[in-house]
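When the chains are written out, they are named A, B, C and D in that same order, and each has its own residue count from 1.
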Amino acid sequence: MAEFDLVIRNGTIVTASDTYRADIGIRDGRIVALAEKLGPASEEIDASDRLVLPGGVDSHCHIDECMGPAYTADTFETATRSAAAGGTTTVISFTGQPEAGTVAESIAGSHAKAEGSALVDYSFHVIVHDTSAEGLAALEQAIADGHRSLKIFMTYGNLALGDAEILRVLTLARRAGALVTVHAENNAAIVHLTAALEQAGLTAMRYHARAKPIAVEREACHRMITLAEIADVPVQIFHVSGEESAAEVRRAQARGVKIFAETCPQYLFLTEDDLDRPGFEGAKYLCSPAPRTHADQEALWKHLRLGTLGVISSDHAATRFDDPQGKKRAGENASFAQVPNGVPGLAARLPLLFSEGVNKGRIDLNTFVALTATNPAKLFGLSPRKGTIAIGADADLVLWDRERKVTLTSALMQHAVDYTPYEGMELTGWPVMTLSRGQIVAAEGEIRGMAGHGRFLPRGPYDYILPARYPGAT
Amino acid sequence: MAEFDLVIRNGTIVTASDTYRADIGIRDGRIVALAEKLGPASEEIDASDRLVLPGGVDSHCHIDECMGPAYTADTFETATRSAAAGGTTTVISFTGQPEAGTVAESIAGSHAKAEGSALVDYSFHVIVHDTSAEGLAALEQAIADGHRSLKIFMTYGNLALGDAEILRVLTLARRAGALVTVHAENNAAIVHLTAALEQAGLTAMRYHARAKPIAVEREACHRMITLAEIADVPVQIFHVSGEESAAEVRRAQARGVKIFAETCPQYLFLTEDDLDRPGFEGAKYLCSPAPRTHADQEALWKHLRLGTLGVISSDHAATRFDDPQGKKRAGENASFAQVPNGVPGLAARLPLLFSEGVNKGRIDLNTFVALTATNPAKLFGLSPRKGTIAIGADADLVLWDRERKVTLTSALMQHAVDYTPYEGMELTGWPVMTLSRGQIVAAEGEIRGMAGHGRFLPRGPYDYILPARYPGAT
Amino acid sequence: MAEFDLVIRNGTIVTASDTYRADIGIRDGRIVALAEKLGPASEEIDASDRLVLPGGVDSHCHIDECMGPAYTADTFETATRSAAAGGTTTVISFTGQPEAGTVAESIAGSHAKAEGSALVDYSFHVIVHDTSAEGLAALEQAIADGHRSLKIFMTYGNLALGDAEILRVLTLARRAGALVTVHAENNAAIVHLTAALEQAGLTAMRYHARAKPIAVEREACHRMITLAEIADVPVQIFHVSGEESAAEVRRAQARGVKIFAETCPQYLFLTEDDLDRPGFEGAKYLCSPAPRTHADQEALWKHLRLGTLGVISSDHAATRFDDPQGKKRAGENASFAQVPNGVPGLAARLPLLFSEGVNKGRIDLNTFVALTATNPAKLFGLSPRKGTIAIGADADLVLWDRERKVTLTSALMQHAVDYTPYEGMELTGWPVMTLSRGQIVAAEGEIRGMAGHGRFLPRGPYDYILPARYPGAT
Amino acid sequence: MAEFDLVIRNGTIVTASDTYRADIGIRDGRIVALAEKLGPASEEIDASDRLVLPGGVDSHCHIDECMGPAYTADTFETATRSAAAGGTTTVISFTGQPEAGTVAESIAGSHAKAEGSALVDYSFHVIVHDTSAEGLAALEQAIADGHRSLKIFMTYGNLALGDAEILRVLTLARRAGALVTVHAENNAAIVHLTAALEQAGLTAMRYHARAKPIAVEREACHRMITLAEIADVPVQIFHVSGEESAAEVRRAQARGVKIFAETCPQYLFLTEDDLDRPGFEGAKYLCSPAPRTHADQEALWKHLRLGTLGVISSDHAATRFDDPQGKKRAGENASFAQVPNGVPGLAARLPLLFSEGVNKGRIDLNTFVALTATNPAKLFGLSPRKGTIAIGADADLVLWDRERKVTLTSALMQHAVDYTPYEGMELTGWPVMTLSRGQIVAAEGEIRGMAGHGRFLPRGPYDYILPARYPGAT
């Protein structure tokens, strides 16, 4: 009997800190050996001209989820097909939506949707909308059951929590050992500006960016950071969209506050000008926070290099464009404020970053791995099982051809929606094979994974001194 | 015949990004396998209760070197004994001192001193003092021969280079692919303040700190950074001593300049008050830049966490205290300006950082490895051979007992000087075994390495887009 | 008939920009001539050894006002006696308290209290607590009637406005031409911390400072500034208490936002240690925001010099100490949260600033005049009638003996309360005579003014490009 | 006999802090009365529709001076005609040029040139080029004789002082009570970049801006500030040209250092694009520092409002354009490095600022007076005699028609050169009459002053706590 189920031979292995050539020996879905030369295996893959990276960890994506009036187009099956196609092997989606009943009911429902459907492993952030004593007790139980991160909104109608509610959530997070994540935009200001714009008849898609200028995000970031300081608990700020917000994060880190933050491809590759495309086309690019300017894009690259921003997630929130249940649900003449928010990005995230980040010299390969796999795994309690290539870790791996030239199309994304905001981009570098726990789930554009292979990842208590190196961590 | 010369079993391996349990298989001095369980070896070490870390890389230490009027006490043999005792397996010392003749002569002399003496591997920075066309040509040859880093002084008498000379050196570094390192203090201001203090009869050791306040360092940092921006070439700033200088580095990094920086234990653990100890005792703590305040110490820890500072070196520059050739060479009533600069630190560096950094929760273990081994190895072109635990790397390893309690004494340091500035500190955590290329060079306080085992490490062209993740790097 | 009612001869006149020697000719309460030598007058005052300054403008004081559960001890008569004693000739108090009925009723009541009582001129800020359409209409009428400044609270129970309400007020202010002033502290955080402290039995006066750390003020400042940016309207931030809040103001000014700010003597001369005086004594120093640290005091002096802070007001809010209606209303064992907020300062403001500011070299004389008279007069639409010495201005003047040594006592303050927080301070420099519209209202400690002399000062539309030089103004 | 030699009736008087309507009574060249209505005078001027401002103080202009290889075109007569035409009544030029012999000889020569020629009053900064003991002694004598400000260069060939020399000068300034002014650019970097550009054949005028990018100015500003901190002496930084340098000044002010700074019209109204005009035309705009970008212009306006920059001078340094002794002295194909630096601006300074600053709402009228008259007068020891309208001050006055529309032409400038860089600009607001010590020197474009009316202004010891309000001052 062969010592290994699978050996990947002769690839160039990249972790968040190292780059070296070795064989990888896999047994029972885990990495059990790394060596210059390993013995025979039941199955072998030649990776001679390939980079072998840890599978991507996408710590922020919306799957099979009610989003206000709209509903995401992707099921766990289509979303994780898309993930696999793009080199991502772990997704963290959301549960706890108010429409789904009690926290317990919602969680049960989310698990039911994912089980048997997912091609890769998954976990959940719990959305907080009820901060009554009962609501907090239900959250505490959810945390104890391995849902170790909470999501709060500072905007979006009745989802928006006030400062007093936020402080209750932060206090719970500290006691129960969960990490709080936040959508930070000032709700009152957005409501005020939206009303003013609509009253003036300024309802085209481009006014979405004027209804939520970066100042409303900067304000909410600073407020959230202050509340976190007062409660003495770390916070992860989602989807930082430009310089002013990133600067708030950096100021906080500089005075010693444990604030973590991510950005997403839409803020690195889109601008508010995309909202101004002819006709209703701008709706394809409508997401919140709004895309900003080219200067903001450059600032975000800078903050990725500096470590201010430690994670790149997709914030995949996909609704179909040409669909009465999707972007057009309120009609093509609807105000920007009636259009479902969100863009797809699960499959595009890694190829975009690899091509425009690594291959254009903005970040190096190890930083790519850190931002897209290692850091989110550590931050959300998935390390050392996910996010790296090391003895004992799950054999979630991606083989990259760093020179492959690919024109991005929606079809390549393998998702359930009818567009990608990055249609037509010419990329260099592509994930040619994706493995989840030692099984090939995608190869050369073909999905080979099986619905149901993916499993729920319960997470242990959040370690306040982060268990390993994360930019800005104590 | 056993597959491995040596297997280290069951240790907890720590790299700059990962922590996991595995066996390490070593052959011909290199790491050839990592696995849950390796087969038999000629020799085995049980590391069950041990952390196994990459051996320390000390990228800034002065060995067997003329330092102005004084001479370091340590030979390559004693210095590398001390290194081994403290868990350090690579040292970068200096060559090119003006007293040693031409650059070529000096390099030949330095190699002669090190060969046959060193217990661990070594390399050299080349001090620049002659920027004439001939001087630059000699440097270019030295760089081509694998001495890929230059050291410039902005102070210290005739060693100090002016701005025009610095620009010539930076231009050479860009063309020839070398990294410039710098001692950044404003010479004219130090001369001015020293003269004023001496004229006023203020010559006690504590005035050393007033003769070179942090403003002179902040100024030189900003000037050096500006010259580096103009020449478009990275620079490593040595021994950042406090907040104001670190802030200059951080400002530069934030505007996208490739500036790297280190600090040293003397700035994390000593203050200017130590210079004011009774009698001549303060001379033991006299080094340049001067130790600062407790607030500066806290600031430096902050900048280590933020990534502003990416390396901790020792700046080991040891002269004996009670010795007419050492600190007392000008007598016990000498002005501070007559006392040889420098403190020993080769052996103390890692234990101090481990105890006060890792075990007190200021930095995590992976960051410890990054700061003391991985980052300096990458920055100075020694990666992937040194600075990490990975297939193909040299088997430079240190076994740590993270709970061992040790009282620091000069004797434990195994150096050639008669004191340590950290005498009596109670530490938790200790390097109990050090291996260089698979050979045990120190174990439980006993030096087992042999003079001559250590070899020169020539370094390849400096990669302007750094080959791997370094805080602040593109 | 003499050309002048009064001539003040030979004094050294000081304005916000100039210092020169001249005679001042006064007729009908106004300054009508300035000259090297003026002709005879009905009355003459020799000011040969005196500085002659514009009377102080105190743009933030609470007189005859309900403050939550407590009531200020001072009537308009006692408050303006105190003002006159301390060199202040214009006070801006508050109207619109919710306890006083509708806005119109409250304004009528405030006018009734002041008329016939005040010894010096006065005006009112209108407190905003009702932002319904009716409430805003009432405010618009009040503004049109010459009450050109609004006061909003971000904390203090039901006085606290939420962000949506603030945006409505700012929008009104922009349309109607009023200046919004604000008490900026995060209400939810204070409630949260107060509850936590009280639950832990930590109710001594010193915990007042822990229930409202500077972070809650910094947060509210930044939020208010952001809302002001969005509404595109200037705001005056009241009682900035330390570095972090001042830094927010400065950041905003640097990016071009029209944010003005003041500080008060209690933040320059008291610290949180005063709250920790033995027994119930600390209650004498309890005000909001809380006094901070010595480092914050130094930072505030710095920001006064830099122009970040352009006004020093008293925030006089005086309740008696040894009185069941005053500080002891909830008993001497009451929690800090039950003690009426506020300290007296109307009379102490100018002597403290003169002695510790001007005579100790922290600010110059012209800056003293700017901060205490000219800037508040300009900011609140009282210029050119008040706040300077110029042809046409009211003859509100103060003669200062810049070398007089005085020990501050509560009796000297001439107020209705039984203490001053500055009791026993040894000052150099004293206002020896105060004139309001040409009438002597105080001289050498004796009050000579008559109740009823003071008149209401209606104010014209706020000029968005400030009519004259104010630090940070467009 | 009339009480006054001259009364200016009914004008609107503007000072750095006040705006009011009054008559001005003048006797013996000084202001002796300000009143609502003054009695008869020998001569009267009706200023009913006019603003009456203090005459401009231009604290940085080069008159009848050798500037390296070139010579300024203006004599004291033509320069002060130009000053008078533009509303400026005090000029501070330079003496001490190395070409003029010893310091004493140079000063004697400068006085000889000015006496009998100047139409308005003048003073001198002394250029420092010899810091030997003899040189410093000569400077000390010059200071004692009323030349209370020194000028040092950090660039320009042999004029450039090194850090040690600068420290000697600062030490002298502190002891002798003089203010040091500085041209701050890094000499070595400019030489390096110029050589590189010329070697590459890049010699067109536009490369002037690339040979001295703002980084070289930022560096020199920070270095000068640090040296000033070490010597504990205030410094005035000349001609700040953009954001990065202004930010250095602001950082220093924020940490409490007494750093003052000016900018000039060329940095508010020109950009580096002007250097790129066709043919040799760009030479008209060539000055040092180089004009920057539009973003820098906006930043400078911001810093003027914030008080970072407290003075606007002309740095008038005029050479003829179409002249073999002027801009074309090295021919029209000369490298940028061979073209004489400097642009004319004595007459344009105030009209440009008034039109584009005051009338476009960027600064208010009082700030205009502060920046162009009051602040420079205070900073350079000319207050209270110059720079304001107050009893006892010299009757240096300018009547402005704030609505007059004028197209700027070189002829209107009344200077000795053949161009103005602002040719054709359409301005609103114009100085229609200028008086020096009560004498009309220019009126409606006609020069009425007499050569020889202008007198030397000796200056008293510099007051380290500035005698009156200056932004950033203690």
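To be clear about the criterion, a residue touches a chain if its C-beta (ideal position, glycine included) is under 8 Å from a C-beta of that chain, and two chains touch if they have at least 3 such contacts.
Just so we're clear, the structure is a prediction, and the values are computed from it rather than from any experiment.
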For chain A and chain B, chains touching each: none
Shortest contact path, chain B to chain C, counted in steps: 2
Furthest chain, CA centroid comparison against chain B: C
Whole-Å separation of chain centres (CA-atom averages), chain A against chain C: 51
Whole-Å gap separating chain A and chain D, where each centre is the average of the chain's CA atoms: 57
Length of the line joining the C-alpha centres of chain C and chain D, rounded to whole Å: 39
For chain C, residues contacting two or more additional chains: none
Contact graph of the chains (line, ring, star, complete, other): ring
Chains touching one another, given as label pairs in label order: A-B, A-C, B-D, C-D
Of all residues in chain A, those that touch chain B in their complex: 13, 15-22, 25, 32-36, 250, 253-254, 256, 302, 305-307, 361-367, 370, 374, 384, 388, 390-393, 465-469, 471-474
Partner chain C, residues of chain A touching it in the complex: 162-164, 166-167, 186-189, 191-193, 213, 215-216, 218-219, 222-223, 226-227, 229-230
